[in-house]
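In the two complexes below, subunit A is the common chain; its partner is subunit B in one and subunit C in the other.
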Partner chain A sequence: MTDPNVIIWLHNLNALTGGLFLLVLFGLVSVRQVGGCVRLFIALSLLLAASAFLLSAIYHTWHLSVVGVVDIATKVIAIPLLLRRVLPDEVYTRREVAQVLNIPTALLTALLLAIVAYLLSKPLMAVGDGIAIGVNLPIGLSGLLIGGLTAAVRREAVPLFLGLLAMENSAFFAGIGVAPEMPLIAEVSIAFDVLILVFVVGVLTRAVHEHIGTTEVGTLTALKEEPER
Partner chain B sequence: MFHRVFFNVIQVVTTMLFAPLVSGVVSRLKEIVQSKRGPSIFQPYRDIWKQFHKDEVIPEQSSWIFRFTPYLVFVTPIFVTLLIPVLTDYPLFFAFMGDMLGGGFVLSLGGFFAALAAVDTGNPYGPVGASRTRMVGFLAEPVFMVVFFTVSFTAGSTIPYIVQQHWVTPLANFFEPSHVLLMLAFLMLILAEGGRIPVDNPAGHFELAMIDESKSLEYSGCSFALVKWGGHMKMFVLLCIFLNVLVTPWGLAHEQAFGAVLLAIPFLLFKILCFVVVLVVIESSLSKLRLFRIAEFLGAAFVTSVAAMISRLFAS
Partner chain C sequence: MSLLAIPLLPLAAVLFSLVPLGKRVAPAVTLIAAAGALALAVTNSLRVVAEQHVVVVAGWVELDGLSAILLLLNTFVSAMAALFSWGYIAAHQREERRIRSYYAHFNLFTFSMALVPVLFQPAFVWIAIEFTAVFSVLLVAFENTHAALEAAWKYIALMFTGAAIALLGFFILFWAQQKVGAGHYSWSGLVMVAPQMSPVLVIAAFVFILVGFGVKVGFVPMHTWLPDAHSQAPAPVCALLSGVKTTNALYVILRLAQLLPIGRVNLWMQVIGLVSVGVASFLLLQVRDYKRLFAFSTVEHMGIIFIAAGLGARGGSYGAMLQMVSHSLTKSFCFFAAGAALLVLGTREIASVRGLIRTSPTAGAALLFGALAIGGAPPFAVFLSEFSIFRAGLERGDYVVTALLAIFITVAFFGILLHVNRMVFGQPPEKPSTHAALPFTCVLTLILAAIPILVFGVYQPAKLHELVALAAANISQAPSP
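Presenting the complex of A and B:
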């Protein structure tokens, strides 16, 4: 058994990872550029991997380190590359992304959602007995809600989709805290599912872009007679 | 007893002496980053000295507020210096006269009178700058409050001397998420309150874009020197609170000996120098925000501080 002091250190570092995870989620709601959104998503995935490594050291399970490695391989390397290759450059060079809500309002809403998530997870914490559940469950839950908010307020295809991916990341963030002995096959299959999802959405976005000349999917609700070039 | 009063005086003298130096180092480093030579780091002292020897011009329409404000702007940072740990890690004679909230009030009193004086002159640019400063101020206020309440909730006290002990005993406390998030929020607060670059350009001389500088446009001579010196000291005090209470509470004098207190001065200056390098990197790599984007910047600071609070409140 490891020294309890080391466990406390690891636990504190995991809590720090959780805090930064929450911060990056707030950034994902409020950053204006598409490139910035992608970078924040990479940071989010790196933090998820860091938390997985720390938890694998705390619980002594090699499963979680594999989860971390798979996470880095797919979400830090493959998905950003795929998004780069599939999407036109115009998406990345545009300065500002349209939003339904203005940014301070969106941020404050995200904050409210985080508080709600903390309140909701209070009774849920009795389910597990791990020491990491107090950090990972509420932050993962708030990530689910904030990712949903991101998907709701963004009018641009890529940030909208990154909000959905952030939801998936947060679900894993909560999952590795609640069930560290999760079968490996679940994580691996979901990781590849997500990869394929990115590919499909990327191709779809490209088709939308070629057809109507923009990726602002928020404007698709209005009817058009003739595609503007 | 006598010792503690004496050390308190040393703290005040340190603040008064070294505050212009910090501003000089910041501007010199910024020039070096831009491949220029820049003014000497002692330039702020020379400016203050020169201004003290000049005659003063006072607008005809102005009232007593205009003449009274420079003294207030000069004195309020000194008052705060009495309350916070600048050189020692044990409470000094005046430490229990007021807590961090009191210090915040005293500092904002100076800012309030500076804004009044800017309106008092009748110069059109003064009120513009004053109203902008107030806008930044009231957006920064909730951040300050949440940071303050989280810190005092965590440490169980509102006296800065007691708060600083909490984060480093044991050292693992330093990496608490609430602590790191609080540091980030307070850093953004310093950038906003000190008129640094993402919020305001301290080197800008274009009246329409000024925020902080335009309040002292009408001052000249002795009053201008006092306002400038007070501004340097306010920045120094904010840095002391940030570094000595929140970030790096090491290197402060632990014994009640004269030598130990004097030895703390180079440590403090070294810490400030490290922070100044970070500040210069921030200032050189970001551009100034548009006026209405400041709300977003401080909104982000607010969200950071509330995230720190909830991760502390709900920690199991």
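Presenting the complex of A and C:
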């Protein structure tokens, strides 16, 4: 059996990972540069992988480390490469000037959402018996809400989509905490599915860029019920 | 084993669609694969009627009453859409590369929809549902217009938001099942351990999945993407999206509702359903685009099914299943009719269309038939299923819900008829435009798709009744005897 001190140390490291995960999410809400958003998303995925490795040591399940490796392969390497390939370079150098909410308000909202997420996950944590659940569940849930907020306040296609991917990352962050025994094939297939999704969204964004001449998808509002006069 | 072949047939057709063999091969292969899948779905469903439950790989690939119904609907609408696509896409697109790309995506889409009912492992059902969204995005964007691209972007953004929220729900559900420590993580395994699972966790999982997949079903207020996507996609894709894709997400929610104890959840289901039906029925009055008209009607019907399931007990569940069947059949027909009208008219705007029945008797008659059928006029299938829902509501003494439902359905009926009446009758604006005659396969689809709507309105085959009853037992929360 592993030394209890080592286990405590691993738990502390996992809590640190969780804290950084939350911090990166706040960054994702507020960074204006599209390229910066991509780098933050990579950091987020690396932290998810780190937590998967730590939990794999804590729960003694090898397959969480496979989840971590798959996560690095898809989200740290493949997805940023794929986006680079499919999208014109010009998209990356953009700065998003007009967000729907200004940055301080967005950050404040994100903070509120994190608190709401903590309160929401409290009754669930009472059922669970692991320390890791107490870290991964509330932070994953906050990420789900903050990722949604990011997608809602962004107008530029890539940051908006990265907000959505952050939601999925967060669902995973909570998931590896609460369900470490999830069949490996399911988790790997989900990663594969996300990869296809990124490809499709990349193709779609390129089509929007070609036909409409912008990637500010938040400003597309032709389809409304009001008469177009 | 023939169950596994059902999703594999369209997958094989994808490969054929990718090979440059001319304009005719891809549609022909697609049609053959879809028809084959439908035939296999029928034989497997008959097996379910006889044996109640077909197991291919325990815990992974199974078929019960509920999933057999969904499989039948998915494959039937896919086959009809494949037939309609043949003429419709040929009339719209001349470029071979674009035609093949359409069929490749079409087959991937029908492949993913054939997967949803046969997979029994919830995490894989999440993936299959996610595939249905991912593979249909580029079909929504197929016309490459400003509006189509905007609709596609909104569509995928909301689909993925919903999927991420639901994903956490599936993790929590797995957690709940692991804590009991017995059975498979599969639909049937979960039902077996449902009484022992921690109620907090099951409710949390249900809420996440209800919100996440509720986006995909199009419950108000998460419906905003639906009229956009369902009006901008090519007509056969709309028929698949509105007719069956929304139903697939609803299927998952209904599967989960049965894990919860009867009580407050039924009230939630009725309230969510009523809000959708109410809002959609009034939004129907103000549309300007006839494809959006039918899209809003989908929001309305999803609400009706959810209310019926929320009424609980056998009567409500039976009504919900019957409504699911009649809605899928009728709504896909409506979009075929709308596609035929679009081919003839070249416009989607209601205001600029008059006297369609003179311009094109086939398209006009089909549109009127579809409008009456989806509105719930007798003697069509929707009338029968809505009637059985009212009866279940009155029997259970839920008078308020039933009365509100009746009012909203009446409003929706008048809303649909108001618009379609203006289009079908009256004087054509000027000299009738000399637009193309309808392609043969489109007319054939309209005839074939109309048959079940008419037949099931007056007569219910015994096997279908048994299958619907089995499915109703699968979604009713009381332990089935």
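Here is the rule we go by: the second predicted complex is superposed on the first by the 219 of 229 C-alpha atoms of A that agree within 3 Å, B and C clash if a C-alpha of one lies under 4 Å from a C-alpha of the other, contacts with A are read in each partner's own complex, and residues count from 1 in each chain.
What we mean here is this: contacts are C-beta pairs under 8 Å (C-beta built on N, C-alpha and C of every residue); 3 or more make two chains touch, one makes a residue touch a chain.
Nothing here was measured: the structure is a model prediction, and the numbers come from that model.
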### Overlay on subunit A: subunit C relative to subunit B, clash or fit
fit
### Query
Given the touch rule stated above, what does A:I7 touch, subunit B (first), subunit C (second), both, or neither?
neither
#### Entry: Vertex subunit A angle, Cα centres of subunit C and subunit B, expressed to the nearest 10 degrees
150
### Query
Which of the two partners, first being subunit B and second being subunit C, lies in contact with A:A78: first, second, both, or neither?
neither
### Query
Which of the two, subunit B or subunit C, is in touch with more residues of subunit A?
C
### Message
Contacts for A:V188 in the overlay, against subunit B (first) and subunit C (second): which applies, first, second, both or neither?
### Response
neither
### Task
Using the touch definition from the top, say if A:I115 reaches subunit B (first), subunit C (second), both or neither.
first
### Task
Check whether A:I196 is in contact with subunit B, with subunit C, with both or with neither, and answer first, second, both or neither.
second
### Task
Scan A:A43 for contacts with subunit B and subunit C and give back first, second, both or neither.
neither
### Task
Considering only the touch criterion stated at the top, classify A:V86 as touching first (subunit B), second (subunit C), both, or neither.
neither
### Message
Minimum CA distance, subunit B versus subunit C, superposed model, integer angstrom?
### Response
19
## Note on the structure
Interface residues of subunit A shared by subunit B and subunit C, listed none
### Task
Please give the residue numbers of subunit B that touch subunit A in the complex, ascending.
172-173, 175-178, 180-181, 184, 295-296, 299-300, 302-304, 306-308, 310-311, 313-316
### Query
Given the complex with subunit A, which residues does subunit C contribute to the contact?
121, 123-124, 126-127, 130-131, 134, 137-138, 141, 144-147, 149-154, 156-157, 160-161, 163-165, 167-168, 171-172, 174-175, 178-179, 185, 198, 200-201, 204, 227-228, 231-232, 283, 286-288
### Summary
The answer for subunit A against subunit C in the complex is residues 123-124, 126-128, 140-141, 144, 147-148, 151, 157, 160-161, 164, 167-168, 170-172, 174-175, 178-179, 181-183, 186, 189-190, 193, 196-197, 200-201, 203-205, 207-208, 211-212, 217, 220-223, 225, 227
### Query
Which part of subunit A faces subunit B closely enough to touch in the complex?
8-9, 12-13, 15-16, 18-20, 22-23, 26-27, 30, 103-104, 107-108, 110-111, 114-115, 118, 122, 125, 134, 138-139
